[in-house]
């Protein structure tokens, strides 16, 4: 299995990456109670303590068990309990039941994590670790860091007491930079990952693509833009919507982005900092692909393709990422293309499909991405809940078009 | 509201009852983790911590707020959160969402309980308490004590680790006393509650009924009896079943009582003491009305009516109740009618309907029982999870005919 | 099997009954198109052509096959297709799929009926027929006559063209006789069927019951009464409702009886004579047990028990039945207890359960009634769509408390 | 609206096309009974009589009402009843209810069709018709011709009598030509519709694409191939499947293609010619995208993209289309790429998305295709139920990946 990934990092950087990622996860759950970390609010989400355990299980299963001579698991049953890959024999303990597994407790899981940490660090130090798999495990855990927060927000949103994950005071805002269009000429280019550095399998192979002339909006769509869409009947005009989108919106009773609630005549948004007034200058988030697509049609524009996005996006730049601790998108500032990185994941109009010549990794690790290549759309750029360390120009995130519990927004594109 | 119930207990006995009940609830959750006490495994069940809070809220709402001058609630929002009566304005915080409310934490709820305890005890001591409502609250809490255990068993049953609530070793058993039939002559009698002592509103009025000759089995149906029913195709013979029962059994895939699982060629039952071999001498439990009715038809008998049961049952007798700590039904012993009290709730063939002349209590307390008088069947006698202190000859328990997460069994009856 | 029922009718009356019933069924479908007779609008209903075939199959299966020497079925597969008793091996051809069976065509089914008619008549004339089973088949078919109409109304109600089964002009009305209360004293009486004449098994055995003093309203609740209930917030006051009833009303969005629709500021009711203005003087119909129970609570009254109803109802009297062709209930006239027979089925507060000593008929015919004895409530008296010939003082109709596609209304009762 | 489409056909060819299409529809329903034409067996399907009416309504709405001076509709309500575009205000008459609309009858709808035929022919003859819209209507009706047959097969499949639409005898077969691989080099080409002739809006704009080296199987996958997949555990090996596909297969209990049923030890397929033995030499059909994708993975291949398919497919060629009357796919014969046209629709691995620069037609006609551009996959080539006259090299059919009531199969592709 070690042949599947390149040995990209030296021992010291790998120890550093591993230590940082593992420590950040624990720092993120600081202040949460066992109660908060146990429940599952919907099938798409998982309890915090499952995330804590599953990311550790990943190292145990793919690194320690095959490579650490003499490693003994603290509990053989964890291999079953914390395995997201395993296709269940029966329904009793299936994914939607994750929130019913109260034992092992959070404390026991934290103990389990500590054991994994020590064993992996020893293995790396001893020169016996498969660097590529450890690195994969770190990137895998960074994905779960974002999920910990989005799943927790979903849990808290069902509590009438409206708990806040972090200090609930409003954040400073500012006027968003005015929108202008940034044009791109036609041509041929390459997209996708091709080098020796780390990437998920679905990001490659690198391949040639045709670019047609297009332009991108200089910033993400704001909450103020969205309020105009709502005021103009955006949620009640079926001709703006994809057929499946309209059916979803009707069934779900959507009339605003996720977590927006009307209170005393104004719109509030429920966030990791509690209920806050909607900031018209900040990017809109928690919108589905269906809503994003309807908005774009209303605006006389369209969503960018992932090819356009990757071509225009350039290398990863600083932005409102998880590391800055803001936990919410911030109004655009600066010139040119802004907010490509951080703030909100940007829906593209591209279906999540294999790149030409794609072959999944072999073995169980190969279930990672390929099996999800139907019915989902690609998102790019990361959000205020995404670790910046995880981002790459070629990074392909993907969700179903009806999902909106992630920090998902959009940027407009136009044919030229 | 105080006029609704008689002032049946003196101050000291009331203080004793209140103290005992409140203390037993806390003793029952000893050894549980916050994780265990937070989740909700199905719509019919509630988290342990909700039970802890709701039983306290009951005293706060009906005793302290109206009668304790100067009482200040620690959190006004609890009135909403822990109120089972309140008809929800919207679906967001409805009953099935109880398991998503992670705050207040268990610790905060225990603190809330302590405050209620102190305030109620002061009020009683000062002579200002409505004795009838305090007594009602104690009986209400005893009902929830049983639910705490049955709901917890349901939660644990979804955990592949099969945790045990109490010491998991097998319990001593013995041969059940042989079954014989006990006959009763025709006549006129009275059933229902009529005196000045405590009872729920649905137990009255006391009224005259006709008795036709009948006989009752001397003991409850055992697991051994049930294995014979299973071996004879009981679960695959539709003519034995009520039409709704057969549809339920097919939809749910029933082929054995609840919590029974086949392992290595023998039947195990999952219990509060973990997975245990099925004891053929002990009463069968966790069967629905539909199963009980099919069994009775297969046995050439029928279920007793609640009139017959109350007539034959006599006053409450000692039995396998919660107080004895066994937590599972025990094989019958003794002569005559045995096991009428304790061991398992016994399904009757009587629909849960108002007695002639029934009038619900007025005010919010009046929602207690009357509104459930459709689609449910009456059970009698209490189970190994029921506080004996709660039982009365006239006590009417009721569940839907498809439900089987309670400790429910049956006793056969015959026309003579 | 012939021992199950008494030989109650002589040859000539039996031939007359059989001829009348079979002819009326065909007269009832006169004017319907094959399209109308093919579809099934919900699981509880069946296509007209299935009713035509099933009632014939009943005679074929229980009379011709066992008793008519040399009888050969025109198609052996009909035994499967038109059998409501048969417990399906798989879901593919189950009850909800009846509306997908387009062959045999209506014409072929009518041909099948003619063959059955001739064979049964020959068998009776030859003295070889089991009179009791033929009579049972006739009463069975009369039940289906009513279902043909109620199922057809349900089908038509989904057609925006609002077709009318019979001439759509409004019917003459009149002021309803004023409501007064008719009192009954306490005592002992007998109810249930006991004689040698025909009755369904569930109507017996005849048995003694206690009567407590009560009074009945002199007429059924009218649409005008119901409009007052609606105006007073009846559909938005949860404390008036049974818990299951309120949940159903919320889920279904009930705010008026079945088939009522608001148009241009007034209430219309969709009927077998097309859309008609609601007649405030006529009995309300198409209300569920839940609505009836809520109305009674609002009115400070209750529903009668079936014992009270049978005691008070007396022998069958003339009324607005199917034979009169009105197809809708008519305003009350006359003195004393009116409208007990015909107009609308009257919900009682009695669960449909076995009478003491009940034993179902043996064999397949025995599935007729007993297996439905859970979760349903008894209705009495027949409706404007019920053949008067089918009625008996002891007749027990039964439906689930949420169902309202039958012509179901109510009469109030009170304790005295 | 006339500016949207080119005026591609002269009067005589247009009259010929219109006459042919309209006559074929009526010939196709010859032999069906009104019962067959009324019912709807699932939400995705429609009753035959709705297809007959809707295709006529299309001409009425888009041709006669705007262009035929003095045209009067026979019934204004048809505009609502037969309009698939209209977004419903409420659920009562929504799409799943089409099978409940028994009036107008088939006879009345045929009468309606005749009136439309005469009016459109007069309009064309008078030179007043918008040729492009008439042509659109004809192509629209050809799409519905295929749906009439696939929807009817679905209806009949629920009838235990297994009716046959056309003569049920088995069809002659032959050995399929052996499979070989046909290679294609890399390069740049153009795909999509660009000329003045008729095409649906989604087929354009014509645009440049990159071709990478690939090869296509010389014929479609056969039933024999599929039996090998089944024998090798194809339906029980989750790693072969897309995640959504495996979930669907488990939920639906798939273990063979649609309409396959095991009988007496061999596989039968239910078809428009009744139940027939599976022909191992003929192309497999009624498989979903999920199954096709799993098969390709099992075979070490993949599905072609729609770009590859269009590039390789060349102009429309003769094949097993609706016109030949076979109604089932036939074994491959000949050399080189065979069966590209006709036999079975071939799933591609391409999501149905807008081509670069796509703009839907304006007005209501513009709802035609664009709003379905999410969650569906493209199919190419037509089937034995598709009118050959409707096919074009650029034709894009699309269905959801779980759907398999169409005559859908697959052809393998490989990277070179």
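Read from first to last, the chains carry the letters A, B, C and D; within each, the first residue is number 1.
Please note the rule applied: a residue touches a chain if its C-beta (ideal position, glycine included) is under 8 Å from a C-beta of that chain, and two chains touch if they have at least 3 such contacts.
Every value quoted in this text rests on a predicted model; they were computed, and no experiment measured them.
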Touch-network distance, subunit B to subunit D, counted in steps: 2
Set of chains whose contacts include both subunit C and subunit B: none
Between subunit A and subunit D, centroid-to-centroid distance (C-alpha), Å: 38
Where subunit C and subunit D are represented by their mean Cα positions, the distance between them in whole Å: 46
Between subunit A and subunit C, centroid-to-centroid distance (C-alpha), Å: 58
Subunit B-facing residues of subunit C, complex: 87, 207-210, 212, 238-239, 241-246, 289-290, 293, 349-351, 353-354, 356-357, 367, 371-375, 377, 401, 415
Subunit A - residues contacting subunit B, complex: 33-39, 41, 49, 77, 80-81, 92-93, 97, 99-106, 155-156, 158-161, 163
